[in-house]
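Shared chain: subunit A. Partners: subunit B in the first complex, subunit C in the second.
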Partner chain A sequence: MIVVFYIASGVAILSTFLVILQSNAVHALLYAILSLLSVAIVFFSLGAPLVAALEVIVYAGAIMVLFVFVVMVLNLGPGAEGQERVWLQPRTWTGPVILTLVLIGELIYIFLARPGLALGGPAIGPQEVSLALYGPYLLGVELASILLLAGLVGAYHLGREPSD
Partner chain B sequence: MSSLATNLINVFGVLFAVLTVAAVLVYGERRLLALVQDRYGPNRAGPFGLLQIIADVIKMFTKEDWIPPFADRFVFILAPAVIMITVLLSFTVVPFAPGVEVVSLNIGLLFFLAMSSMGVYSVVLAGWASNSKYSLLGGLRAAAQMLSYEVFMGLSLMGVVILAGSFNLREIVEAQKGMWFVLPQFIGFVVFMIAGLAETHRIPFDLPEADSELIAGYHSEYSAMKFGMFMVGEYIGVTLISVLIVALFFGGWIGPVLPPLVWFVLKTSFFILLIILIRGSLPRPRYDQLMSYGWKLLLPLSLLNLVVTGGIVLALG
Partner chain C sequence: MTSADILSLLPLLVVATTGVVVMLAAAFYRNHRLSLILTLAGLLTAFISLPFVSPLTPRQVTSLVLVDGYALFYMGLIFAAGFIVALLTYGYLEQWDGNPEELYVLLLLATLGAAVLVGSSHFASFFLGLETLSVALYAMIAYNRSLRRGIEAGIKYLVLAGVTAAFLLFGMALVYAETGTLAFSGVIAAAGGGPSLQLMVGLGMLIVGVGFKLGVVPFHMWTPDVYQGAPAPVTGLLASMSKGAMFALLLRYFTPVMALERQGLVWVFTAVAVLSMLGGNILALTQDNVKRILAYSSIAHLGYLLVAFLASGPAGQLAVAFYLVAYFATTLSAFGVVTVLSTPDDEAESLRAYQGLYYRRPWLAIIFTIALLSLAGIPPTAGLVGKIFIAAAGVQASLWLLLIVLVLASVIGVFYYMRIVITMFRRPEADVVQPSMVRLPRAASVVLGALSVILVGLGIYPVPVMRIIERTVARLV
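The block that comes next holds the complex of A and B.
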């Protein structure tokens, strides 16, 4: 499982890089889907099959389809690709690269300070996750659903036909 | 060693069986549709036209495999592969009989839902990569239709999950020893059947490829075996939906006298034939009708089913 974990996380990091580097929007989205799928495998190898399945169903299967849908509606031609290429100049990279280096430094520090972080552990099935969600974390679930409901009402308001 | 051998036999057996069924359906569907419409169908090649399958395969493989110069080459080639991969992967979690299954996954049903939501990309990306207006419209329709129908496809199955207390398809089948789930979950069954038809985008839900409006929709620009992949993918999808209906609602391999596998095949054949007959008898709805039917009727129905089932199970035990 540890080999699976490292391969999947490697693919995840690489494909996430490629999302940023692609100048074609749909190709970038394909790499984003790949990245989400490899994150699902990471979850699976860590013993969380339910989260892995939900990652694929919700993120890779539903949210990314909407992204692809929007890109299709925009119907970007080859012109947009050239525009993207102009935006991806080396000097735009300096800021993000410095910030990322800070994060990598912190990560390395954490790993050095606390060696032997456990990988794996027992697999958690759907029942255990549900019992935790609707037991001690019920308030969190309810708060999240209120947030989603607010988003839904807002979307409905924006999408409503003008009444004149 | 012997467990590895049985695993390999299971994997290749399932693959062989599924692809054979898909091949037979290419011929069988046309014959059955012809019967419904009071005509002969393909009856020239070989006895009863049975060699039509081979003729079709030869035709598919020898036609020019054309990639339009205006298409996005990489995505254009990727799209037909996606549908084959996702549909075939879904079969890994299906238990055909005791001991005849590729993997017994404790999230089996979620795995199927995940694969069917990945299958959307095939149609959507095919529509986009073809770079033609008919394909694009087909792809857009497919994205909206499959995304909407996926929502209550998942919801309609949750009643079964509540009754069986598991996502594992083997345990779901074994929980139906006393009574098939079609009786307590009739609404779930009907909604799943409709959503399944919409997921495989067959008539009456074939708006993504509506020939009379969009030429052939998302696969207008495809030829030869790439088109064949879409066609075979659709037949395998029909088989998958039938197999799941049998496993989830009609007791899987459970049945008297006959061996378990025979029961499974018989029940599955019945639903495959039923889906073909539905194609022969229903017209295609308008797009807005499709959407409002899904969101305004089927979604509340499956939610209601879920709430009532949950309530009854809680009250009884």
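The block that comes next holds the complex of A and C.
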């Protein structure tokens, strides 16, 4: 499991570094998704399968797909098709694909070899997480909702169309 | 959670509910005055509830929040600051053509975040409170979207707060890895053990994060730009509430760690205090922009507060509490004057805008003078009494180096505060463009008058506030 942890964290650092090196937003997003997926594997290897699943569903799934869609919708227009063809050069997708293959390899290894316990003690399942969240951390959950409300109101104000 | 637990969280619950109510009210019926009245009513109720909660304290509500006299005292200060900023904002945004209601929602949420911060006893509530405060502040700083400078300041604060959060989280993770607990009390107990590299690096990262939030040298670079770009009442909030809440937390949890810990932390904070006092005051000398001058002055004042923090003990606690009261009143009064002279699209920030203010608006000039005298620490104002308390605490702890720097820095400070005062009393030149002469907002005038009375009152007779501080804050020591 320790090898899985180090490879996944290496991929996470490398892909995050590549995010900021890309000049094209969509290419950067590809690496951002990869970075989130590898962080999910890091969480899994540390014994937090629920957090790993949430990382994939919420971040890599929902938020990043939303990003990709917004970027693509913004780029629609005449000539977008030609633009897309230019973007799909092999050199733009080989990098992410190689890193993805590394992650897939890790995943296959985890499923087939079932390498022992997670690092740092037993894995924490959904039940334990829920009991902690709605027991001692109840106030934290409520505070997080207030934090999101602040973000929501702020984003609404800053992103709204001008009234005039 | 028992009913007594919920009751002791009443001030926080009231502020949170008010935030939601103001938001819902704005969703169905946009009205600036209604938003203001709801906000004021909520903050006033929360403030009034504090003495009723007080008999229940000290009470640990889950492992996250500790409601005690200390937390209640600083919550009161924070609610009062929110109340004053709300009143100042009303006059400021009255003529503006954008939507003003969201600012009150954000103000309430920021107030809640700051109140949670001073009541937190656990890394989770510390971080959540801090983030609530910061996220609300990003949007408030960039509130006027038509100004490039405001957006720039908002993004600067966003990036810096992100970096701060990263430092804090990594520090917390390292401390957790070493001590195995996220509760402050557990961390303090574990810090008493043998020295370990991991714990020291973790604490160091926490100090960096806290230092960024406080804007002390060498983490101060963002302060002038953000203060200048933010709307004037938000700047007042940033200078008072955000820094005050963070400082209250620092005082509460780093003092025991420092008492146990090695000399290293003391030297770090001593260096930061000396650099802040000298750096803030010297950098302010070359500025021609009132908001930037006040920004550098706030850096210096945090340095003075660190002297009292390093003095620790009951005298230090007392000095910090009194100085923060004086500093809140002074800063809000100074930024209040800037606010009433500004409009969202035209901030009165250059020193020229204040030339001959005494001949146009005598009362405003006098109020600003009182605030500046208090910042400089000249009698008969609260700022002087605060500095005396800090000096007394420093003498008790025999921090001679810090005291010498404190005196030197205060002398330098007098120069630039007096420069503003002299500018206001100088006859205006004929060619100076006068800022538009709108009617002063009534609510803001009353607030500013009251703040000046408080500043002078505390300077002459500080006993009542001292009694309150002794009964709440110092009870812990």
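Observations, loosely collected:
In this text, the second predicted complex is superposed on the first by the 104 of 164 C-alpha atoms of A that agree within 3 Å, B and C clash if a C-alpha of one lies under 4 Å from a C-alpha of the other, contacts with A are read in each partner's own complex, and residues count from 1 in each chain.
To be clear about the criterion, a contact is a pair of C-beta atoms (placed from the backbone, for glycine too) under 8 Å apart; a residue touches a chain by one contact, two chains touch by 3 or more.
Not measured: the values here are computed from a predicted model.
Once the two complexes are laid over each other on the shared chain, residue contacts for A:I33 go to subunit B alone; subunit C is not touched. After overlaying the two complexes on the shared chain, residue contacts for A:V73 are found with subunit B alone; subunit C is out of touch. Touch criterion met: A:G151 reaches subunit C, while subunit B stays clear of it. In the superposition on chain A, A:L21 makes contact with neither subunit B nor subunit C. By the touch criterion defined above, A:V97 reaches neither subunit B nor subunit C.
After overlaying the two complexes on the shared chain, residue contacts for A:V56 are found with subunit B alone; subunit C is out of touch.
Using the contact criterion defined above for the overlaid structures, shared-chain residue A:L138 touches subunit C, although it does not reach subunit B. Interface residues of subunit B, counted against subunit A in their complex, comprise 72, 74-75, 78, 105-107, 110-111, 113-114, 117-118, 120-121, 124-125, 127-129, 136, 139-140, 143-144, 146-147, 150, 154, 167. Within the complex formed with subunit A, the residues of subunit C that make contact are 1, 9, 16, 19-20, 23, 61-65, 97-99, 102, 105-106, 109-110, 112-113, 116, 124-125, 128-129, 131-132, 135-136, 138-140, 142-143, 145, 154. Considering their complex, residues 136-140, 142-144, 146-147, 149-151, 153-158, 160, 162-164 of subunit A touch subunit C. Chain contact summary for the complex, subunit A toward subunit B: residues 24, 26-27, 30, 33, 49-50, 52-54, 56-57, 60-62, 65-66, 68-69, 71-73, 75, 125-126.
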